[in-house]
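One structure follows; several queries about it will come next.
Chain naming follows the written order as A, B, C and D, and within any one chain the residues start at number 1.
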Amino acid sequence: MHPEIALLNDFLLVGAALFGVGLIGFVSRRNMIVMFLSVEIMLQGVSLSLAAWGRFHNDFGGQTLVLFIIAVAACEAAIALALILTLFHRRCSLDIAAWHFLREANQPPFRDVPLPEEPAERREPWPRLPPAGVRPETFGEKDKYRPRV
Amino acid sequence: MFDVQTLLILIPVLPLAAALATAALGTRLLRGRSHVPVVTAIALSFVASILLVFQLQERIDERAAQPGSSRAAGVEEVVARWSWINVPDAMPHPVDGRAETPGWGNFNIEVSLRADPLTAVMLAMVTCISMLVAIYSIGYMRGDPGYWRFFAYVGLFVFSMTMLVSASNFLLLYVFWELVGLCSYLLIGFWYERPAAAAAGKKAFLVNRIGDVGFVLGIFLIWTTFGTLDFGGVFQSVGQHAGDWRVTAICLLLLLGACGKSAQFPLHVWLPDAMEGPTPVSALIHAATMVTAGVYMIARCTPLFAAAPDAQYAVALIGGITALLGAVIAITQTDLKRILAYSTISHLGYMFVALGTGTLLGITAGMFHLITHAFFKALLFLGAGSVMHAAGGVIDIRRLGGLRRRLPVTYWTFLAGCLSIVGVVPLAGFWSKDAILLSLHDRSGLFGGGLFEILYLTTLLGVVLIDFYMFRPLFLVFHGQEKIPPEAGDHLHESPGSMTAPLVVLAFGSVVVGAYFEWTHGFAHFLSFTPSFECLAQSGHAAIDTADKWRVATIGSVLTAIGIAAAAMLYLGSGKAVARLARAMNVFGLYSLSYGKFFFDPIYNVLVVWPLLSVARLAAWFDCMAIDSLVDRCGRIPKLAGAALRPAQNGLVQFYALAMVFGVLVLLGIMLM
Amino acid sequence: MTAADLRLLVPEIVLIAAAVTIYLGGAFSTARRAWSWIAAAALLLAAVALWSQNPSADGGSLGCDALARYVQWFALAAGALLVSLASRPLRFDGTPEYVGSLLLTVAGLMLVAAAEDIVLMFVALELISIPTYVLLYLGRDDAESQESAAKYFFLGVLASAILLYGFSFLYGATGSTAFSEIRAALDGTTILPPGFAVFARLAMVLVFAGLCFKVAAVPFHFYAPDVYQGTTHANAALLSVVPKAAGFVVMARILVAAIPGMEPYSWGVVLAVAVLTMTFGNVMALWQDDFRRLLAYSSIAQTGYILLALAVGLAARDAPGAWNGIVALWFYLATYAAATIGAFATMEYLGRAERRLDSVDDLAGLGRTRPAAAAVMAVCMFSLAGVPPLAGFWGKLLVFGGALSVDTSGTAGWWFTAAAVVGVLNAAVAAAYYLRIVAVMYFRIPLATPPARGGRGAWMSAVACALLVVGIGIYPGPLMRAGNFCDQQLPRVDAGAKHHSPPFGRQKNPPPPQSAPQFGMAATKKVSTPNAYHIRRTLVLSQTRVTTSCHIIFK
Amino acid sequence: MTNHQHILTLAVLLGAVGLWLMLPRGGARGRAVGTVLGIVALGLWFSQFHGLGQWTADGMFFVLAAIAVVAAVGAVTSRNPVYCAIWFGLSLLGTAGLLLLAGAQFIAVATVLVYAGAILVMFLFVLMVAQPEGKASCDQMSWEAGVSAAAGIAMVGVLSVAIGGILAPSCPAMPPIAPPTQEELAAGVLDPHQVARLGDELFGRRLIAVEVAGTLLLAALVGAAVIVNQFSGRRHDGQQKTV
């Protein structure tokens, strides 16, 4: 086995793995920022492949392309950040599934699968202000050991 | 001033231009003056036709003056304007050893017009009658909402008819054959809001279609047999095909076409119904011009028919049957225009008989009768129209009577027409009828052929019958006690000058034209220089015995006189004699047969129309229930497919991305397998 | 980078300079209407520059073949129409940015057409994409617009990553980024490890998939209806023309020209995608009420036809004349672009800033209330449906005729015949919804008169498109010849010289090394010349289509 | 099917199941099992690597590759977006190390600078602004975790099989491949003045692309500015937080 071929093989495999993992992230994660990060992971995979190919062919073309990928990724990141910010301001959520108003007319809206019940922390009752002129209710012992707000 | 070519082009183009102008400007600009362009154009065409006749006459005189020239070389001039269709080598050479026509297989259809005596005679007749009818129509159609439309149609008709008679190949002939049919359809159904008129137009069109199928098949067969459609090419090479079954078949198919257009048995049923059109139309198209197109076509195809004697017999036979049939039916009809229509059918039958003799004498006799018939039949129709005009549209002869005094011009001209049509010496009808009788007598005498003997006798019978059916309406309408239908109101009066003037002109023509032609021998001489008739020269035409001529003329005149006398006895007296006669005839069912028009319409209904309609209804039901619903279901498939796919478009970015990933995966899989 | 390159770049430089000027000027000036005029002037200047170029000059990473010229002219024309269409200033800030981004997309398309190198092509494609993201956001200011921008952005980024991965394999398989060298490497001119052809195949699939997003082909099309619906008419027009054209240029450059020897694989894939795409687009469009959504599905379906042309071009690349798929592709694209821009421009013109016309029902009775606009719209719809005297008919005729002229002696011919039949049936279905719009305009009672305050620019654009559609329909010759010319100059591989079908990596016997490429050997794929029989078949199919669609409409 | 395909298939299956277990599915059940399965799969998959020849370099490579891939998995599977970003940064570092190993110094540095230094920090910033409290439902639930994991891992598998199939030592197609020798590489991509040569390439042959990229950056800058600018002047559509 020629070491250069081995190197190429290994790099290509790692590149494919990064590409695939990024793909999974993009498809399954609903947080827009994580989705964008996943795309960047995919691009990392592409960059690794390109660099390895460039070495194998002893050519700078691959590295050049990687540089442009980085530049373009920066552009996309800028747009993505601006876009995600405005989207967040509209819906107050980073969930991409919150944006499915545009669809076929008769399709039901996306319903989130209900989260399994988390063990809810016991909530301490907050003190409430009574209406003016009414004597506040007291809780006896609890008033003394109320945790700090 | 004008040479033949210019005249030949001017004759059809003028009416066409007028028709287009009327169609374009009629509604806005011309309105009540719509007749001006059309009448002017037709009149100019008429003048051009006369000039054309004179030009040809000059050439004939030159030819005759040349020593050693014979009639065999006809006079003709062909103007080819442009090539309409040109497919070189459209047909392979014949494999069965048939001779080839020059230019075989080149499907080259030229828009070419020809001038020869036959065409010139037809052109003169057509434009003359058209002009008179158009002038008549000015008065007759005045006030009609479709005034401009009428004249546009008439202009179109004259264009088509003149092109028909001057076309120089079969395809062009067929095109204008159809075009005159179209004009006829449009004009029969001119008052299309009347159901009867619309139905009559449809009937005429459909019945004509049957004939046209024959004509088209004939043209196809001509093409495959002769490899050309040009008259000249076909007629030149027809001699090489003598005895070929194809020629007989061609002739029979052409005859079918002619039967349709000229209302011959058994396709005559449309013509009486066509009387639903305006009366000038009946006079022009359904009496004088269009219906003679069949006669013209057979005369034009004389070389073909001469090569197929069986077909000639068929022509004569059909003509004979029709002549008798029309006459018998006409006797009992009560509608004046229908009587005239059956009379037209009968007279067309005479012409066919004459053409069927296959001799130059017969053909010139037929054409002669065509010309004279055009005059007196147009006159009679226009006279009938004048009566209708006066009587508020009533045309039933039983409801009219004694109009002689009220409509003097109409009466006298109608009388002239009647005398002419029945063949009273020396009016036009006498000479042409005599020529036909003579040709039949000649043919039967020459060969002793059984068919022509019978036909001769049949025509003689027709000569008697014609007196009955022509004098019956004359006596009933104009003589006897005055009967005025209520529709006429109280203003029964003579028609205006624009209507009576053509009547007078036509009456004059009906009286003198026959004698003029006969005494000068101009007509036969002129016509015999038609190239189509060259082939008859070789058949050896013996000079006609003067004694024969006298005998036939005498027999005809005597029969006519007897008929007139009988008719006068029957119809001038009380109606009892008529009724008694009708009852007597009805013992054999003859009266009912005649009155019921030999029941052609019901028979056709049962044999043809009803089965066809049933099949059509069945097909429509099948189409509606089976095919249509199937197509509907198929049409629903895409929409259902869309409905099935719609959930995919659920608006979720993640789903879309997953679809893309799967797309890539599938593509990769296909690629790497 | 040489002086020759610079000269070739003048039109793009003009456009980019104008865009940058507008960007910068927009920060300081508030003259909202001037920007469109500047953009128009820049387009005119670029056209002059393009006209005065010497097409025979040879640039390094810039191609200047006829295909490039054709697409550059196409880009300028489409750009002019789009600038005119979008000439009404936005209701809020962002007009200069909008116009500048529009110019940048046009410049990007021109660069894509000229790129002869993967790197430049990638950057040029991004020069289309990134301004498009901005444009999509800028057109409107509601949630729908944001949603459509977000959808297009995220899916676009994903597609671009897939495309890049494909590029990486293309580079890896051949060791070069220049198309000429890639082509040389793959057609056997340069010695290459034979197994590497599999990488080329991977590259082809991934590149094709990435581009399918740009042209909206199934299953990469999902964004299109949502995005079109959520954006403005001008943006929808842009989306349906510019990225599509770019995608098809790259497909022509890479699939047809740069990857030789792959046709036996590629045409099948392209054909399958084409059939799926046209069917999906058409059946879905039957259900739509929203105008832009309807046209989005229509554009998907039209992509299917264009892909069919591409498949023909792959399977029968030596077909002569007009029946060549690539010619059909460019002709079809041009006619489609004219009709689509015309339709969107008419809608834009009919609305006003505060109220767009969105629904097909908004067009009810337009034939009476706005006859001229209705006529323009009807012309565009008829052309999209492929009704004979109009441009779209010739496009469909070329596409289906080309598909039917693929030699029927092999299996390819049968597949193409089947695809043509499916295509014709599809066109019948398509006619149903195109003509539905016409029917709504002419046979329904008007509810309200559309305000028609969309601006003179939009109207000019609409009328220009209608005239183009009619003009090309009446006289399609010049455009066909232009496309024909572009095919003749596409680099062509001699069929005898390519190594055949290197199967996936594990062939037992490597093919005998070819001592020298043999040029001029007879082509292995026979292409039957189109004859009367083909034309008749095509016409019969069209006839069926018309009849069927009549049934669908009127039942 | 060769041995190598068997191993890859097994690795792919295990990897898919492991990833599915690790992805957020609303609860934390099976995460540990998933991690174990994932590590096993990764080990199997690594066994298909051919190694670089020397054990130090091998070791370095394996460590960096493991960092890159495991951190990427972490970035994809982590519940907390902030952790996602940090995992992503780690993955970037691994990638950058791999790039260094391949001899591409400049892009390694550029990756760290641009991605880790600029983009990642910005993202973290946005995350902090947008979601200070964490625990959004969208982070707790993936969308169709199983299908996505299967699809993505299938992609990895297909690509691995394809790549490994061509570059495997047993492949008869190998002989014609003539990889560059060390001397050639030293004169080429591994030139000591490699960055200078890269620059040469960039500003020589690729100048047009560089200019276009510059335009692109300007467009993105202006675009981002105008996008943010617009929303600041705009009303909300009244929707409240839907957490």
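The definition used in the following text is that contacts are C-beta pairs under 8 Å (C-beta built on N, C-alpha and C of every residue); 3 or more make two chains touch, one makes a residue touch a chain.
Treat the numbers as computed from the prediction; the structure is a model and nothing was measured.
Peer 1: Please indicate the chain closest to the centre of the assembly, with centres calculated from CA atoms only.
Peer 2: Closest chain centre to the overall C-alpha centroid: C.
Peer 1: For this structure, I'd like the pair of chains sharing the most C-beta contacts.
Peer 2: Of all chain pairs, the one joined by the most C-beta contacts is A-D.
Peer 1: Centroid of chain C to centroid of chain D, CA atoms only: how many Å?
Peer 2: Their C-alpha centroids are separated by 32 Å.
Peer 1: Rounded to a whole Å, what is the gap between the Cα centroids of chain B and chain C?
Peer 2: Each chain reduced to its C-alpha mean, chain B and chain C end up 63 Å apart.
Peer 1: Please tell me the distance, in whole Å, between the geometric centres of chain A and chain B computed from their C-alpha atoms.
Peer 2: Roughly 91 Å separates the two chain centres.
Peer 1: Counting only residues that touch at least 2 other chains, which ones in chain C make the list?
Peer 2: Within chain C, residues 119, 123, 126, 130, 133-134, 137, 143, 150-151, 154, 158, 198, 202, 225-226, 287, 504 contact more than one other chain.
Peer 1: Give me the residue numbers in chain D that touch at least two other chains, ranges are fine.
Peer 2: Chain D, residues with two or more chain partners: 143-144, 148, 151-152, 155, 159, 162, 174, 177, 206, 209, 213, 216, 219-220, 223, 227, 230, 237.
Peer 1: Quick check on chain B: which residues sit in contact with 2+ other chains?
Peer 2: Residue numbers touching two or more other chains: 646, 649, 651-655, 657-658, 661-662, 664, 668, 672.
Peer 1: How is the touch graph of the chains shaped: line, ring, star, complete or other?
Peer 2: Drawn as a graph, the chains make a fully connected set, so complete.
Peer 1: What residues on chain D touch chain A, complex-wise?
Peer 2: Against chain A, chain D makes touches at 19, 23-24, 26-27, 45, 48-53, 61, 65, 68-69, 72-73, 75-76, 81, 84-85, 88, 91-92, 95, 98-99, 102-104, 106-107, 110-111, 114-115, 118-119, 122-123, 126-127, 129-131, 136-145, 148-149, 151-153, 155-156, 159-160, 163-164, 167-169, 174, 177, 179-180, 184-185, 188-190, 197-198, 201-202, 206, 209, 213, 216-217, 219-221, 223-225, 227-228, 230-231, 236-237, 239-243.
Peer 1: Can you list the residues on chain C that touch chain B in the complex?
Peer 2: Going through chain C, the ones touching chain B are 150-151, 154-155, 158-159, 162, 198, 201-202, 204-206, 208-209, 212-213, 218-220, 222-223, 225-226, 265, 268-269, 272, 279-280, 282-287, 429, 432, 504, 548, 551-552, 555.
Peer 1: Along chain B, where are the residues that touch chain C in the complex?
Peer 2: Per the stated touch rule, the residues are 631-632, 634-635, 638-639, 641-643, 645-646, 648-649, 651, 653, 655-657, 659-660, 662-664, 667-668, 670-673.
Peer 1: Give every residue of chain B touching chain D within the complex, in rising order.
Peer 2: Within the complex, chain B touches chain D at residues 652, 654-655, 658, 661-662, 664-665, 668-669, 672.
Peer 1: Residues of chain A touching chain B in their complex?
Peer 2: 23, 26-28, 30, 96-97, 99-104, 106-107, 110
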